[in-house]
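Chain IDs A, B, C and D follow the sequence of writing; residue 1 opens each chain.
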Amino acid sequence: MTAIQETHSTTDHHHGDDHHHDHPSWLAHHFDDAEQQYDSGKLGMWLFLVTEVLFFSGMFCAYALYRNRNPEVFEFCSSFLNEKLGAINTGVLLFSSLTMAWAVRAAQLRQHQLLVGMLGATLGCAAIFLGVKSVEYSHKWELGLLPGKFYVAQLEGHHGPHKGYLEMLCAVPALITFLLAAYAVYAWATKSIFHQRVAGPLLTAGICFFGGVLLGQFLEAQEEASKSHGGHHEHHAVVEGHVDHDSHEHAAASDTHTHDHGASAVPEVSPAVAMGGSPDVYVASEEVNTPKAEVNQRSMAGLFFSIYYCMTGVHAIHILGGMLVISWLIIKAAREEFHEQYFGPVDNVGLYWHLVDFIWIYLFPLLYLIT
Amino acid sequence: MNFILADKVQPYAWFPDGASSFVPQVDFLFTVIMWICVLFFVPIVIAMGYFMWAFRERPGYRGSPEALHNNLIEITWTVVPTIIVVWIFWEGAMGYLDMSRIPKGTIDVNVTAKKWQWAFKYDNGGEHEVAAVEDSVVKELPILVLPVDRDIKMIMRSDDVLHSFYIPAFRAKRDVVPGRYNYLWFHTTKEGTYDLFCTEYCGDNHSQMLAKVKVVSEAEYQKALAKAIQEPEDPLERGKLLYKRQGCSTCHNAGAEGASGPGPSYNGSWGKKVALENGTEVDFDENYVRESILNPQAKARKGYGKASPMNSYAGKLKDEQIDALITFIKSLENTAAAGK
Amino acid sequence: MAHTNAHAENAHTDSHDVHHGHGSSHGDHHGFSHPMPIWMLLSVFFALLFLTGLTVFQAQFDLGNAEIWMSLIIATIKAGLVILFFMHLLWDKPLNAIVILGSLIFVALFLGFTLMDAEGYRENLIFKSTITESQPGYKDPATLAAEEAAAATGK
Amino acid sequence: MSVVDRPIASPVSPEADSYPTHHFLNHSKGFLSWALTLDHKRIGLMYLVGVMSSFALGGLFALMIRIHLWNFKDGWLSNQTYNQVFTLHGAIMVFLFIIPSVPAALGNFLLPIMLGTKDVAFPRLNLGSFYLWVTGLVLFLTALSVTGLDTGWTFYTPYSIETSQGGAVLAATFGVFVLGFSSIFTGLNFIVTINTMRPPGMTWFRMPLFLWAVYATSIIQVLATPVLGITVLLLSAERLLGIGIFDPKLNGDPVTFQHFFWFYSHPAVYIMILPAMGIISELMSVHCHKGIFGYRMIAYSSIAIALFGFLVWGHHMFTSGMADVTAVVFSALTFTVSIPSAIKVFNWLGTMYQGTVSLNTPMLYALAFIFLFTIGGLTGLPLGALSTDMHFHDTYFVVAHFHYVMMGGTLVAFLGGVFHWWPKMTGRMFNDKLGMVSAIIVFIGFNMTFLPQFVLGSRGMPRRYATYLPEFQPLHQLSTIGSLTLGAGLFLALVVLLLSLVNGKKAPRNPWGGATLEWMCSSPPPHDNFSSAPTVGDPYDFSDIEYDGRVGSYVKRS
């Protein structure tokens, strides 16, 4: 109810001012004045953010449910996510949020050049983020760390054959960057300030993507090195952690426990047997009786990666959407359309962008930092 | 209050006559609610009719635009219903807690629901029999035999999708959920035969996933138990039994009349080449039948690719049981030949 | 239009009396653009960076169950900073604040009830290990059922 | 500002009330002028046509079901077809008809006019959500034609994961996703419009109750629908990627899906019924020519229902093996929703008291609503009480209950609203006598269809059964006969409406004597509703509105 009284007081203040005869171009005909238009847009955007929050809440619910059910799986699997990359991406997104907020300020102060620059920076950060992400994804796919029933990982760390997922992921961005480059050439050829202002940031963003890819590959390679170096310790540690956690959670994960015994009583069986009986099984022969095997199967680790891909994937889609609208803003900004009367679009896209950041702020520790 | 009214209130006419310890509470509560509804509904309708008539638009009459608000009335018709629903809630919750608190020393029955048959396993390891029933869409149904005047507990699992275990006469219902156990208990009070339904939609033959519950005297129950553990020695007889007991009959026709139901008919294919969904052909022989029991999707018959998928019986049938089924299916070929 | 000078004062007013100014700024219609001072933007950004470093750092040690709460608390602080400053909720119409905070209440409801129920039937779950099923020592449903029954009547 | 272009204050002269030569219908011509229109009135009309035709489709399926059930076995449909038919009946009725019916069709047309604004806050978004709705429709038809959807409209896992009708499930879930966003954007649009665009004088408590109802509805649409979005998204991921979150084969939890689904779909029940209640509040006061009884109680109860509606979804899962405490809590919360609904019914009766009741088609539908909705509401009590629900859950008792609320409630109110505002929307009067006949036939047919189903349910007839025990046959046949009657009544209603377009006489400005703003502008309204912000009075002050024989319309004494 308070909400209602509140708006009652705040929205009652466009007394029949007869502006609507001389409507400026940026003021829609059905609004009385700039502030009404701005307030409407903003409230609308906040409501949209509410829907986004609830949209993601579904996946957070799934996460909480299954992490609570078998924590050891989440511990074990998150050791396959590269903390460094996650942290870098967090930083990148935070910086993009800064530039976005700054862009709003620039729009309000009619600093058109700065506005374009800030939007461009935001776009670039988004591109870097996606670049790093595609490295993460492709790397996991090659390891067979796939969602649910496609999960086929061998945990002895050995790679499958190089399948070139990364190249696939890079194909489209490459094409786009090429087109943007062409556009940029055209812009400078025609010496059109407007086109230059637009092409510059977009092209930079395109290049940033590959910057992100390189960065990602570099860090991933480092990780590999450290793994293969102290790799044995790594896994040992994980297994230890798993075991004593299990005894920790004795009451909770009692089911797991009984099956532990069942499994450890079992003599070694050939992968053929393991494969044959039920299509869901995917375990290397030498793993069948290790506690790790409990976790390394489609119904356990597979489930974790399902959740991982759903959350990060949907988030990545939101980033893509954000990039589209930011590019649209860049075009408007290049036309110098924004001023203290009319900066709603920048402000609202900003809100959206901050929400995307907001979500990632939770995703990062929940997925990458489980010990 | 319950006790005061319980004997005054006749069991509700529309209900099937009850046969479990839950019946009095449920029927009592429902009857009371029904009367409450009547007490609200009838006056509302009468008032509606009367106002329609008394205040109808007519020459020379103009109603007064007063009477827009009356705190006393509005508070009354807020508070009174509130009190009533609080009571209803309380009654309902108490009854429910009785239903969900399982007493000790129950007779346990393992219930396994699968598309589209109920399978019952008594605690001596014996399994239900399938018998002919009249007044039903299905000619033969699984029969669950229970002793009268005992606490019975159902331990329920599902092999495939959601089902729901419902015996109207017992006023008892519980979903059967794959991936977990659900429990249901009741106290049988009256001998007789009662209907058992699946009330959670489970696909093509959902409406034929029925069974009969036979509540009998202790002695007859013991007889039934003894009967339940035996499987005939003769493989053919045994095959016949398993064909019904394992629920093959719910999808696969075995009679001389042509294919019916979601699965291909067993009839008259033995020894012939049968076309597969993947375009190839295969000999319909022991090997094929065995494989189709253990890994049904491997070689689906032509035209059954879209049929609702059958689950593997690996780990559910002993080897000799599979042999018995094969013997039975083999025998069908001969009957069909005799038919020709 | 003749609003630009009217705006000129507002634009540079420091955010705090903007906060108060809002309710009363009905007279002029253009008091709605409140540029954020750069120092504020920057300090918020560095605060966020610091907190990120902090969660990564605290993730080094195994704090057991406390760990998830730690990282959630830090994440919430970061989220709060983003919402309050980058999204200007601090100076926004109270309605918008109510809207977004309200949504969090409903998220809590959703997660709360769902998890509450899931926790309730947890002991009834049949833990499906896709390995053990296809191997010797695999228990057939009946014996499992018997065990479960014993467990259930025991409790 | 001159007095003349303030509709409410203008002294009504005959010519002012004659059929306007220029209005939103002939404002611009050509297909594109409709397909790309940003005018909320035209969008509303397009929605109206859309939801009515999808209702016809769903109704067709309903009749197929009833006819199939005439015999207890060997009906004219195979089990498989029957399952697909009831699935599509449910899915189409819920997602394509009921949810958009009142808010999107009538709401779009009326909200800005009742509020006294030129348009909704985001006209483009408005048109966009209409086209999202169309996309959803197309996807559903694909699901229908490609392979039949057979999961039930609830898409319960794991059946929806295992069923061989994979293509249909994907098409339908994606359709639901799109329709969800259509409904979200509508709600968002309405909330913003009501919050920021009310003209001077239109305070919260001067808003017609229909707007309160739509506002409450919009809150639900914005808060609940996203969860449906993610649910169906995860479901389609189940089918495409086998993620296993809801799949017991992979240790997923099928019951979690039910929580996800009902967190939306129970509040959705109030998306369906709240705007209908709003319509009834308008109809009762206008056709009784008397202010609504207990305005604030009704307004508050709308909001209360909207919020409490979020706390009760668990009662759809009482038999799923819930923990006792959860079940008891949900049951308790469930009863809290019943009170506000009861209050509304009493207030509508209070409105009739000492009014001037003019019996016409809309009023008859309104009275039918009160009758049917009361039954629907009261039969909810044994379903909310835990022990009795154990018996009734998933039986025909539930089917009858929600048809009394959804169809006897929402549909009947929707029809009443369509008849009530038809003159305003089309500028034509319909044949009132025939209209009343249709109302009576619908009323009789409806009760004949669904009263027997209460008995069937309490005797233990489970829902979604293609065949049933012979003992149930007589009641089923009665119900089938009823459904045919009902169909006839609805068809008659449609005929009445369409005839009015052919030979209906031109509608005056205010045929019923309403006091809300939409009756102050011509029928049909001009392109942008009000040439200037109208002055707003009490929407339920009928004291100075009286019939003027010269113009054949109600006018405001000035």
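Definition applied: contacts are C-beta pairs under 8 Å (C-beta built on N, C-alpha and C of every residue); 3 or more make two chains touch, one makes a residue touch a chain.
Keep in mind it's a predicted model, so treat the numbers as computed, not measured.
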Counting C-beta pairs in contact, which comes out ahead: C-D or B-D? B-D
Name the most central chain, where centre means the mean of Cα atoms. D
Averaged-CA centre spacing for the pair chain D and chain B, given as whole angstrom: 34
Geometric centre distance via CA averages, chain D-chain A, whole Å: 38
Counting in whole Å, what is the centre-to-centre distance of chain B and chain C, each centre being its mean C-alpha position? 44
Touching two or more other chains, which residues of chain A qualify? 7, 14, 39, 43, 47, 50, 53-54, 57-58, 61, 65, 277, 280, 298-299
Could you say which residues in chain C touch two or more other chains, in rising order? 95, 103, 106, 110, 114, 118-119, 121, 124-128, 130, 133, 138
Residues in chain B with touches to at least two other chains are numbered 179-180, 182-183
Contacting residues of chain A [partner chain C, same complex]: 2-3, 6-7, 9-10, 13-14, 17, 24, 33-35, 38-39, 42-43, 46-47, 49-50, 53-54, 57-58, 60-61, 64-65, 68-69, 83, 87, 90-91, 94-95, 97-98, 100-102, 104-105, 108-109, 241, 248, 254-256, 259, 262-263, 265-267, 269, 273-274, 276-278, 280-281, 283, 288, 293-294, 297-299, 340-341, 343, 350-351, 354-355, 357-358, 361-362, 364-366, 369-371
Write out the stretch or stretches of chain D touching chain C in their complex. 195, 223, 227, 248-251, 253, 255-256, 259-260, 263, 310-311, 313-314, 317, 321-326, 330
Would you mind writing out the residues of chain C in touch with chain B in their complex? 121, 124-126, 128, 133, 138, 140-142, 145, 148-149, 152-153
Spell out the residues on chain B that touch chain C in their complex, using ranges where they run on. 102, 104, 106, 108, 110, 112, 121, 125, 153, 155, 157, 179-183, 315-316
Complex interface listing, chain B residues touching chain D: 12, 14-16, 22, 25-26, 29-30, 33-34, 36-37, 40-41, 44-45, 47-48, 51-52, 55-57, 61-70, 73-74, 77-78, 81-82, 85-86, 88-89, 91-100, 135-137, 160-162, 164, 166, 168-169, 171-175, 177-180, 182-183, 195, 197-208, 305-309
